[in-house]
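There's a structure below that I have some questions on.
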């Protein structure tokens, strides 16, 4: 039987001790993202794996398109390279498992011409335990957990899943989020329930959510009332070249800084109402789409001759994160496949 | 220094031979299309040519999604009704 | 989209995938990851940006030929690592009988029942009964591309519990299922059809086949072991295995058919050509015929002293049993039911009717409303049934679509000559039975049995059961 379902081993690598030569060697092999990596020695990988009570050979997922087996060990190797600390490893493990939830359509994400990357959203007590930035600059550089957890996931997607840029990952331009795109929700300043609670998890549980997004956008909305904020935000969201418009599914992501969240909550709005308002205001008349689209995979969600941003209002994700100023709201357009959420078990 | 390899390989699975036919004359073909417009244009052309030039007995068109597995009913229909399948478009 | 191709290949349909040039490398990776051999047809360039004229030209000049090549290519590239299989002809195991059973079970080489260990002596005993070289290959068979060699037939014949003298029949069976028209590649599909082997000619008496009472039940060595052989061969050589194996996707299924033989003397006595004579063989020919069977009618009792009383009964019962599935064969213009008529019933019918009369009556009488056939089709498959289109392309005769009237009757069998008729069963009873093929798959295929030159001498040498020969 093992003949038919064997686990192939990839051989250990011998690399120079010198740090520059070592980086060159690994870069030439195509296993870095172009940035330096921490060499995954057996000792480092062992320490990383000790953070979860799983066997090194335990298969977390088979990753398309190559079908490479993401064993605990392989994921640990890539997590070491990314620069993760061992206490980040349970989050990375949960994220790798989430990749292969069927609705997430990893095959599509790995092989498309679209610039898509997975947004890694972390909820629950793990954020504070490992120091995930949820506040100012949450999607930017400077915070080790944000930088390396997202990076580890992407290295796994490429090194284990086989999505080498150009040949297999056909993304025409790519985008910086393919290096890393990871933040935590600022639950402490969220006037409503956190994202994972909205999805049925207990507040005290920690979860990781993967949402396939095409890029980041910013919307200046320095208003003190909901109506003008909604007008500005919905305008930013109505970029109908986003896949979610053409595919009629997916999860457009709205990141409300805490100040904006306070304004909505103070005026008596909850998340459901915000989503409904945005869903309605981001509809676009079908007649105004350019007629002879070169190629289209039109499975659009159309209500009364207007194309919707996704399947339903509830699918819009509204989270709270970012710095304290009442300025720019974040919007991430959706690739058009549904999110995957997974509890962090260890 | 020795480091572990970050590349993960797929399971070793047995060699599978390609299923083949001896020619398409007399066969009923299935075209599975994910409806890229260019695929539909190609399908129209292939349908016209399949019988006229290659003596296929008939061509059936089936929808497959752009993202995700095909419906079980399509799988069943293809197998029951057709002898060979043309799938497109990877683009 | 390549996942659709993978599914199509796995369910047993030769498949080729259309890929734009820039995506060929990606396609190779995806196909390897999905575990399918890749028959890829390249569209040169990017179809999205080509004008209608350019696209048309590329389809004609490049794509269609590449598609045909992809569908007909003789051997595909190896996928990943090759199966490590034992060398042909080598000894794979030594041990006690129990250890052999365990080893074969673990390797999925048995059918779950004990096998006769294929020792060199046993295999040689079988090989004596064919003039063909053990290394001769009939064809490489799907799903796993393994060669159907004479040696493999002997090995599996031993395992199935056949006698060495059955070897010529076993070879003919494999020749029949290897015929491209038989479409063995469709044998792993969800309806779960089983091959039915029919044996004809003098060999029936010589090898003590049952054709009387209990003809399709286990019990007689010739019928039972040869039926088992067919299924075992499909598991071991073709690769059709249920879990924990792969390849056989039958949802529920039923078990292998024992081989069927006809009461040919009875047929001659009542003046009917035998089953093999219907196919154009002579009375002295030894023939095996194989076809798919997916379901049967109930055991059908009929009464009366006129032909029509009996054949009307057949029509009334079989139309109810076979209406649902008939859409699938009708869409192909061909499916091939087999009617096994009890000897006493055949005698009554034959007084007035020929076999062709029976065929014509059944074909004419077994009709259902067109709308019902379309409904059954819609419930089962992803496509509608367009009778006019099927008539237009020449698949169906014109009488299937003389009008749009949904209530118009359409025959569930396309042509009378598709109906096989054979006499077998208990002569003391008035029971007959109908067997349904799985649409056009497992088409009725006959092969002459080639006896070795030394057949008479070998048979004379056999004294008692073959077991004593070891």
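We call the chains A, B and C, going by the order they appear; numbering starts again at 1 in every chain.
Just so we're on the same page, a contact is a pair of C-beta atoms (placed from the backbone, for glycine too) under 8 Å apart; a residue touches a chain by one contact, two chains touch by 3 or more.
Note that the structure is a prediction, hence the values are computed from the model and not measured.
Trainee: By number of C-beta pairs in contact, which chain pair leads?
Mentor: B-C
Trainee: Please list the single chain whose C-alpha centre lies closest to the global protein C-alpha centre.
Mentor: B
Trainee: Determine the centre-to-centre distance between subunit B and subunit C, using the mean Cα coordinates as centres, and give it in whole Å.
Mentor: 24
Trainee: Go ahead and note the Å separation of the Cα centroids belonging to subunit A and subunit B.
Mentor: 32
Trainee: Please work out the Cα centroid separation of subunit A and subunit C, and write it as a whole number of Å.
Mentor: Chain centres of subunit A and subunit C, defined by C-alpha means, are spaced 51 Å apart.
Trainee: Quick one: which residues in subunit A touch 2 or more of the other chains?
Mentor: Where subunit A meets two or more other chains at a single residue, that happens at 3-4, 8, 66-68, 294-295.
Trainee: Specify, in ascending order, the residues of subunit B that touch 2 or more different other chains.
Mentor: In subunit B, 10, 12-14, 34, 36-38, 66, 68, 91 touch at least two other chains.
Trainee: Which positions in subunit C are in touch with at least two other chains?
Mentor: 3, 23, 26, 30, 32-33, 35, 48, 81, 83
Trainee: Which bits of subunit C are touching subunit A when the two form their complex?
Mentor: That would be residues 3, 22-23, 25-26, 29-30, 32-35, 48-49, 81, 83-84, 106-108, 244, 246 of subunit C.
Trainee: Spell out the part of subunit B that touches subunit C in their complex, as residue ranges.
Mentor: Checking each residue of subunit B against subunit C gives 10, 12-24, 28, 30, 32, 34, 36-39, 41-42, 45-46, 49, 51, 53-54, 57-58, 60, 62-64, 66, 68-71, 73-91.
Trainee: Write out the stretch or stretches of subunit C touching subunit B in their complex.
Mentor: Per the stated touch rule, the residues are 1-5, 7-9, 11-20, 23, 26-27, 30, 32-33, 35-37, 39, 41, 43, 46-48, 50, 52, 55-56, 59-60, 63-64, 67-68, 71-76, 78-83, 140, 142-145, 180, 183, 185-186, 189-191, 328, 331-333, 380-383, 389-390, 393-395, 439.
Trainee: Show which residues of subunit A lie in contact with subunit C when the two form their complex.
Mentor: By the definition above, subunit A touches subunit C via 1, 3-4, 8, 64-68, 107, 111, 162, 167-168, 170, 294-295.
Trainee: Which bits of subunit A are touching subunit B when the two form their complex?
Mentor: Within the complex, subunit A contacts subunit B at residues 3-17, 22, 31, 39-42, 45, 62-63, 66-71, 73-74, 77-78, 81, 102, 105, 108, 113, 155-156, 159-161, 247, 293-299, 336-337.
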